[in-house]
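Presented below are the structures under discussion, each in the form of structure tokens.
The two complexes that follow have chain A in common; it is paired with chain B in the first and with chain C in the second.
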Partner chain A sequence: MANPIPSACCVVLAVVVVYAQRHSQQDSHIQYERVGADVTMKCGSMDWDAAVTWTANGTDIDDSHLNGSYLILKNVDLTQSGQYSCYEGSSWHLKYQTNLRVGVPPKEPVLMCRSNNYPKGFYCSWHLPSPTYIPNSFNISVIHGTREMVCEKDIFPKNRCHIRYLQLFSTVKYKVTLTVTNALGKNSTTLTFDEFAIVKPDPPESVVAKPVPNNPRRLEVSWQNPSSWPDPESFPLKFFLRYRPLILDQWQHVELSDGTSHTITDAYAGKEYIIQVAAKDNDIGTWSDWSVAVHATPWTEEPKHLTTEIQIIDPHLSQRSGDNLPQPPPPPPPHSLRTLPVLSLFISSILHTLRTYHASRHRCGGGQSHHPPSRGTCPKKPRR
Partner chain B sequence: MAAADIPSAALRHHDLCSRGIRLARKMRSDVTDLLDIYVERQGLDASISVAAVDGVPAAAAERWAEQSGTQRLLDNLAAYRAFRTLLAQMLEEQREQLGDADAELGPALAAVLLQVSAFAYHLEELLELESRGAPAEEGSEPPAPPRLSLFEQKLRGLGVLRELAQWAVRSVRDLRQLAKHGPGTTLEGSGTALGLPESQ
Partner chain C sequence: MLNVAGEPPGDSWGIFAFLCAALCNLPTVPALNGTEELGAGQSIQKTYDLTRYLEHQLRTLAGTYLNYLGPPFNEPDFNPPRLARAERLPSATVDLDLWRGLTDNARLAANYRAYSRLLKYLRGLDSQVGTVELRHRLGHFCSSLQGLVLSIAGVMSSLGYPLPAGPAGPPPSSGTPAAPNDFLKKMDDFWLLKELQTWLWRSAKDFNRLKKKVPPAVVTLRIEARGF
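The block that comes next holds the complex of A and B.
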């Protein structure tokens, strides 16, 4: 007679395997539905009139949502995403399971292409204007004339890819199409552009501003080419510098066709300045974003002691040491000397008022101000 | 070349490159303005696409960075000689179409034609300095313009000007590369001329 124990083990093992397979298949089932849709779930192969129990994320679902053994979810919303399971009434055998994911089809994606490393290539990046709440896949195609180019996906960020230029100075436009797809629909957008139009360097780096010793109206500013710009010698950049004292809103602007430094010569003495720089290829493309702002205050002289003024007014105040004889009262100072401190205060306040007045009137390019007009243009960024 | 001439050759080379860059940039600016005038006077849509036009030298270059200095000069010279002919044809067509009634397009075309001619001459000087000499222009007569409808002529003209604007940018880059590497040097890549005849 055969040993019954190994046979029983085999049977148990077979049951476990079958159960695991069924369970894993049911686990992997995902059902995508649109927000607002009506969803009907069948309990596997169970008859309509079978007694079943439905659960959502382990919690029993009220019978009011059942139509026979079918689960009816009306006008689903995002909160109803989850794992839905159906059990046979008396045996509690799992008959059906699904992972319901409620979401929306994708809206038209936002696509941007830019060359910050001309002439090596350009990159395109994208995002969805609003979430879909379910997984999306993106496909990008780049066509140049009749040639389809490869856009190599970046590891980070994930929504970006880059293309190497195979040709330079081409008049043929590039056409980039991005398609986003999910289980509920798809959408796409297309960009068409010239090689030159998308050239936009990164902002200048390492911007430094320092006062100039013994020069109360100067600030020395220096910066570096963006490290992403591969060949500044062959493809030189020009720069746009803007600066203003913190107390004013109006920027001064200077455009510089070469070099990576500039001396501001019309700074207001003693005022803290904010300074930024932007970059552009000398011949094509658009200006970069502004660099990180730096702050600097021009050099100022050390303030003098106040006792100097008193000595001028009354030179007779000092006494010889050891002299105990009472001194006759000093004669009153001449009228002009008595009014000197009052006069100095008056003059100081006039000067301050004048400075404030001229500061509020001062505009780019000069005008009536006695400050030297700044070179360059006034708009926020110059034209190409 | 005598040793004493080498520094002056380098200076002349640098000077020619710098002036050439300025000429090319000015030319590009004027061609851009001319494009605006042309599109307006010819009643075209500025965004219209124009297919590659026969006989118009394309500025597009593959492996541009690998070109030798001489190759750059030869490509540029061939292009601007072609543009000289094309612009002259356009000027003739424009005079036939619009006559003296057009006070803007004709003079603008003529001004750019002059700059193109001057730039071609400038390139010939650079080639002389490279001890290559400018190749002779092929044929004594320019090729006859193709028979096109009026609209096709307008589109062709647009294609010519767009390509010329592109060439002007390329020329700035080419001359900068040339200035960087000095006179008479051959860069990596194909450094030989195409076998065009030397000038006398």
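The block that comes next holds the complex of A and C.
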């Protein structure tokens, strides 16, 4: 007797396959239409005068959109994308189903090719200037003279492929054509260039700016060759450094033909600087983008203790004026004594001026500032 | 005085050992004139600078000349197929690994031969060409190119390399068939300028490599040759 279990399995499998096939014939249907088009959907093999109900994403569509059993959608827009189903009137049998995707044909794509790893090769990357709302496929071809080269697609980022140079110093141009296709149309763009014209390194890496101890106008900047540049020995890079204090808009520039460090010697003391570096092959191509900006402030001396000085120089000041002088905030502890004489001179001159002013007020009763205090004779006025 | 450029500072043992070894071989080595090595380094730098100057000059000259030839030669996208006629021009195109592996001698010789031939072709350009200004520019460029050829020859002799025996191939006036028509003649001119441009870009890279390699290598090379 035949084993009943495998034959039962076969029957179940067959049923599943048939069921899936029937459903797939209805479910997998995708319909692409252009924005603004008029769409007519037929309910499968049903007659025009059959009674049917259409749904859009499960919601019933009212009869105003129907012409017999055909569904008419005029001037479709993006919101009308979705799953449309047609059911036979009474039995509610699913007769037809389609996935409507409204989109546009592709506009001319934007293509860019660049060699950031000369002399190894170059890469091309592309994108669409505006979305099509439906799936697109891209095809790229690279022709060098009579030879067609293969551009290997990168996994990441997606819209990018790279090519290895087979020969260097070629006089023949490279012609790269990108074609974008979708269900509603296609478009393409072409770039033609010389090997040398597309060389543009990545920006320098690990830019570091440090103050130089005991040098209030210096900043030491150092950086590294971009890691994508494969052979800085044979294909050296030159660099362009720009810097400015945050408070100014004007950049200062320095071009450096070799070396990966530079000392700025004309920084404004105590001001925070912003610094960037760019790289270029010594002889060919264009400058890289600017590196990440680094900030640095030149070395400054620590400020000294102030309040102690004021009290020492004129302890009578607060008694005489009668006004409430604002209390100075607690100063940081003093570190250096070098600025002491300069600071004390400055403070004492201010205090001298204050003292003289107050003295003249008491003598001439205030307000009559055009009488210099040295005159001595002022009209007597009652004290306030 | 031996040129010990490139020794790390403080590596006194290394310098001492080197000096001892060199002194031991001194009788067998012809008088190593310190200025000679410095001379080679300096003339390489001068040759490099000259290629950059020529490249700059060529940009202006090519622009004017291509305008004189007229369309399609002066269109930026002009990308004609390379005819067999153009194959007689010395091509700068080379396989990357091959280029990297060139010896200094081979590298210099390739440059010397290429520019000697390109100069002959350039001089062979129709002397009735274009305007007075164009002829003047062409003449000036030719003299500069002549200077480059001599400069390369100078580097080679200062490094002790023999000059390649005359430019390979017959001189253009006799060997190559004259262009059968005006358009093909213009194509010849177009390719000449293109090849010149590419060679100047390549030379900058060639001399960059030589700059880095030659000065210390010269001394070692000579000592090695004497069975050090």
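In this text, the second predicted complex is superposed on the first by the 283 of 384 C-alpha atoms of A that agree within 3 Å, B and C clash if a C-alpha of one lies under 4 Å from a C-alpha of the other, contacts with A are read in each partner's own complex, and residues count from 1 in each chain.
Rule of thumb we're sticking to: contacts are C-beta pairs under 8 Å (C-beta built on N, C-alpha and C of every residue); 3 or more make two chains touch, one makes a residue touch a chain.
Note that the structure is predicted; figures quoted are calculated from it, not measured.
Placing chain B and chain C on a common chain A by superposition gives a clash between them.
Between chain B and chain C, it is C that contacts the larger number of residues in chain A. Of the two partner chains placed by superposition, chain B and chain C are both touched by A:K173.
By the touch criterion stated above, A:F156 is placed in contact with neither chain B nor chain C. In the superposition on chain A, contact is made by A:E233 with both chain B and chain C. In the overlay built on the shared chain, the residue A:T146 is in contact with chain C alone; chain B does not reach it. Of the two partner chains placed around the shared chain by superposition, neither chain B nor chain C is touched by A:W92. By the document's definition of touching, both partners, chain B and chain C, reach A:F196.
Judged by the document's definition of touching, chain A residues 119, 166-173, 196, 233-236, 282-284 lie at the interface with chain B and also at the interface with chain C.
Those residues of chain C that touch chain A in the shared complex are 52, 55, 77, 79, 81-82, 91-96, 99-100, 191, 194-195, 197-199, 201-202, 204-205, 208-209, 212.
For chain B in complex with chain A, the touching residues are 25, 28, 49, 58-62, 64-65, 162-163, 166-167, 169-170, 172-173, 176-177, 180. Of all residues in chain A, only 119, 166-173, 196, 233-236, 282-284 touch chain B in the complex they form. Considering their complex, residues 119, 145-146, 165-173, 175, 192, 196, 233-236, 282-284 of chain A touch chain C.
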